[in-house]
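Look at the two complexes coming up: subunit A is in both, with subunit B in one and subunit C in the other.
Coming up: the complex of A and B.
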């Protein structure tokens, strides 16, 4: 066992918080046992082939303590309704849930488990993350997170912001395991925006589970701007009933190593599933997107599109897997991974995979890896732009396609974060 | 189409399912150091080869059978396999007429032009029966040009320096589980050496046949094309019908020295098992080529047989400006499973590779394309184009695509495209209203789908491959 595993085992050995219902104690025990068996994945695991957690292995992770520490520099709290978690626990002083329609339950998952265990229990499993070490850890160690429950027909117009702050003290790495549960009744609608940021050296391993009722619609936006010393593992599990629409839009910018794993089961007919991703990596950052879409019923549609911009000696990894089960006829699935390499040292590994067991389907995948187009650069320079600005403009254009798809209230904030990460992005700020 | 016609056609008998009654000289089943020493002794091998085998065996003992492929089968008992089976009597053969008449009959049934007087096509054949090479045709004519072509064991006797230099240079003894097993126990195979600047005057060909019961066939093929030479090589395979699964774990190594060109074509038609998935060959093969500066290697394969196919003919594009190609048609009908594809490892500058893979699934067949394109750090200006198309016939089968793309050089251009479709009703309807029968229409559409690959095959093989595709598929559309 490495240091991280030892420290996690120590955390798992601590007694669970008192007063939790029996089902939760059982869930935590099973999670601890499974992690003891699985330990952290290595590159010998096919699904982690290109993403090494060796850097994480050296960290001794202390359980994250609740704290009201200062916000990281440059981070402003989003408008209400917002839920703020510090080190995996809700910070009531910064949380503000004003502006929600009647009937919508939005609040703490821990409180929901305490108050209505019967309603939460059936949905709190690991879902599509059966033998996943980080899901096992989440079961065993999660403290709190967002609980969203929308009865049939309830629509929340304003985006619900969830801020995940992980604040590690000097010299002590911490681990935080926030857990969110999103339940949408028939024809309910919501937009949830997760902001991930922090300071110091830490592991932020979140698990968000969404269950979409018939004809409901959920848009989940993840803005990952973790501290440079952070390891980020974000698991998103989705199950969809007929006619529902799930949209995930991930913007990954920070962390030393970040992996977003989205697994969706399209369990009803005529469901739609969209997963977009944009990542900007430089230095020695590693950004990994893993998307698994399980078409279990006919007439499903899925679209995966991940774009990466890599500079320095950064690494980008894309794994997309579309499974079309027998009988899931008329499935329409596509996967695209597009990558822009800005330096000699940057590398990309991509695996767009199709597993098809039905015969009347339309499935396609594509992957591209390339550099900025010299002709386009020449054109811009012939119009009087210097080389650096021309490059910055073209790089931004590559990213903009994804940024423009974000819901209007968060678009501008993300645009600023993205341009700040791009090489010579300052030039774009001046121009804007 | 009516259910009866469908049943009739899918129950079509495997044409090559006959057993030849030839007395065989067999080793007892099982694998241990003694068996390996026995094989080596029987073949009168030099010490270096025995050492190499034993090293491979020791390494194999430490390895685990791979489980990542998209195939399912019951565990193989490696101790129940006969690792050496030679048709007896085995004496030194002076001419082709001395070959055992039973054997010759077997090859005639297969349509292999073993006897020179019956030959029409200009193909030199090395026939491998169970584990041992029995005859090579056209040897003298090849020798004129300095081309060495014949069985591996002969090459070990007459050209040990070439064997020692090139054996394991592309697929090392411990490369993977099945390659290590093959390195330890391989009994024969073909060897070809094309000298500098020579264009091989005819196509070289090997025919493999598994005959005896419970034997594994572990042949090893090594082809070395010296600088500026050119060779085209054909490989065909059949096996009799057996209820038991038989293991075939071959290794093929191609060495293309600077400026050389190797074209390697395979029509694999091992016994696929019956409609319920009983019997059939487990075809677990390692094929790899190394291409030096300006060399070109082209793999073309038509995979219609075997219960399970596990094979990834690969190219290591070592030298600058080298070229790798992979054209494949893989068909999985009934309970067949195929997990096949290629690896293109770009090491040298301006290396280029093309991958065209056509998978056809019918019945309960499962067909997976698994491929790797790796652009190394120094492969400036490398280029890859991959296309993987799948055709589904019926709703019980599966088509899967698992491409891996690794890019470590920003100047590389890598493209990957894949589509999955089924035979469209309107295409069928169009053919039908022009008077074609359902079967002919399906066969025509499938051949059209596979055309891009079939046209890469040498003529003699292209015709056979087309017939095979039609035969294996007719009637699988309901």
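Coming up: the complex of A and C.
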């Protein structure tokens, strides 16, 4: 076992918090047992072949303590309704859930488990992450997260912000395992925005599970701006009933190593599943997007599109897996990975994987890896922009297509975060 | 304003300009005509500073400076403008933002004060009239989804905003219907001034019905082979280029 595994095992060996219902205790035990068997994935695992957790393995992770420490520099809390978690636990002083419509339950998962264990229990499984080490850790170690439950027909217009702050003290790495559960009844609608940031050296491993009722619509935005010393693993599990629409928009900017795994099961007819991703990686950052869409029923539509901008010796990984089960006729699935390499040393591995067991489907995949277009650079320079500004503008243009797709209330903030990450992005403060 | 002497240039191993001489004075409109493959577009590229063209001999003096020593953006700041034959699409960058960035880059390079967003909007509104556009065109991405004619009008709009001293328009008339051609020509005519010059690179005489040139040059096989007044363009329209093009270059590929 490596240092991280040893420290996690030590955390798993502690007694569970008192007063938890019996089903949760069983869930935690099974999680601890599974992690003890699985341990952290290595590059020998096919699904982690291009993403090495060797850096994480060297960290001794202390359980994250609750805290109301200072916000990271430059980070401003989003408007209400917002739930703020510090080290995986809700910080009531910064949480403000004003502005929700009647009938919407939005709040603490831990509180929901306490108050309505019977309602939460059936939904708290690992879903599509059955044999996943980080899902096992989540079961065993999660403290809290967002619990959202919308009865049939309830629509929340304002984005619901969930801020995940992980604040590690000097010299001590921590692990945080926030868990969120989103349940949308028939024709319910919501936009949930997860902000991930922090300070110091840490592991932030979140598991968000969404269950979409018939004709419901959920847009899940993830803005990952973790500290440079962070390891980020985001698991998103989705199950969709007929006519529902799930949209995930991920913007990944921070962390030493970040992996976002989205696994969706389209269990009803005429479901729509959109997964957009934008990542900006520089230095020696590793950004990994893993998307698995399971078309189980006919007339489903899925669109995956991940764009990466890589500089320095950064690495990008894209795995897009589409499974079309027998009987899922008229499935329309596409996946695209587009990558812009700004340096000689940056690399990207893209793996499209289609498994099609039905015969009347439309499935496509495409991938591009390229540099900035010389003709476009010359065009901009001929209009007076120096080379650095021209490069910055074209790089921004590549990213902008994804930023434009974000819900209006978060677009401007993300635009600022993205331009700040781009080489010479300071030249673009007024762009778009 | 512009003096080109014995200019030789190549792309890769292929020499395209074989010793070209041309002088353009302030206030003049010159047309360079010639068949495909004669080197017209290469000349425009050399003047604007495209890096895939290598100058092997000769000199280009622009407003007393060695033009070839300047980076493309410095040439732009010095008032040289190239209207592209194939303007590039840049989705994700709004046309208006692009225009203001370009204008301010040049103003900065010249030590002038930058124009803020509000003032620029007023400038843009005025210039949009020249190309008979409403504001929706400048809200869109640069040339994004524009037709061929719209792209050329956008070049004229950029020229109008940047107010260059020397405008080199590379086949600005190709692919235009008559209405678009008139808009483009009106744009050029509106900018004509005693301290400005134009170099129109064109295959056809049609544009010259609307923009009266002071001098017309025939280019063939990388050289100017004949120069004259506006009547030369009419003559070419009748006789074609056949007589001007040496046999072995007659079927030459486009650079």
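Everything that follows uses one rule, which is that the second predicted complex is superposed on the first by the 429 of 432 C-alpha atoms of A that agree within 3 Å, B and C clash if a C-alpha of one lies under 4 Å from a C-alpha of the other, contacts with A are read in each partner's own complex, and residues count from 1 in each chain.
Definition applied: a residue touches a chain if its C-beta (ideal position, glycine included) is under 8 Å from a C-beta of that chain, and two chains touch if they have at least 3 such contacts.
What you see is a predicted model, and the numbers here were worked out from it, not measured in a lab.
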- Message: What does the overlay on subunit A give for subunit B and subunit C, a clash or a fit?
- Response: fit
- Regarding the shared-chain residue A:26, is it in contact with subunit B (first), subunit C (second), both, or neither? neither
- Looking at the overlay, what does A:341 touch: subunit B (first), subunit C (second), both, or neither? first
- Task: Considering only touches as defined above, state whether A:46 meets subunit B (first), subunit C (second), both or neither.
- Result: first
- Using the touch definition from the top, say if A:368 reaches subunit B (first), subunit C (second), both or neither. first
- Taking C-alpha centres, what angle do subunit B and subunit C open up at subunit A, rounded to the nearest 10 degrees? 80
- More residues of subunit A are touched by which chain, subunit B or subunit C? B
- Message: Quick check on the superposed pair: does A:70 touch subunit B, subunit C, both, or neither? Answer first, second, both or neither.
- Response: neither
- Looking at the overlay, what does A:388 touch: subunit B (first), subunit C (second), both, or neither? neither
- When the two structures are overlaid on chain A, which partner does A:353 contact: first (subunit B), second (subunit C), both, or neither? first
- Closest Cα approach, subunit C to subunit B, once both complexes are overlaid on chain A (Å): 16
- Task: Using the touch definition up top, name the residues of subunit A that touch subunit B in the complex.
- Result: 46, 50, 326-327, 329, 339, 341-344, 346-371
- Sort out for me which residues of subunit B touch subunit A in the complex. 68, 70, 390, 392-422
- Note on the structure: Listed in rising order, subunit A residues that touch subunit C in their complex are 373-376, 378-387, 389-390, 393-394, 396-401, 404, 430-432
- Query: Contact residues on subunit C for subunit A in the complex?
  - Reply: 48-52, 71-73, 75-77, 81-82, 84, 87-88, 90-94, 97-98, 101-103, 105-106, 109, 117, 141, 158, 162
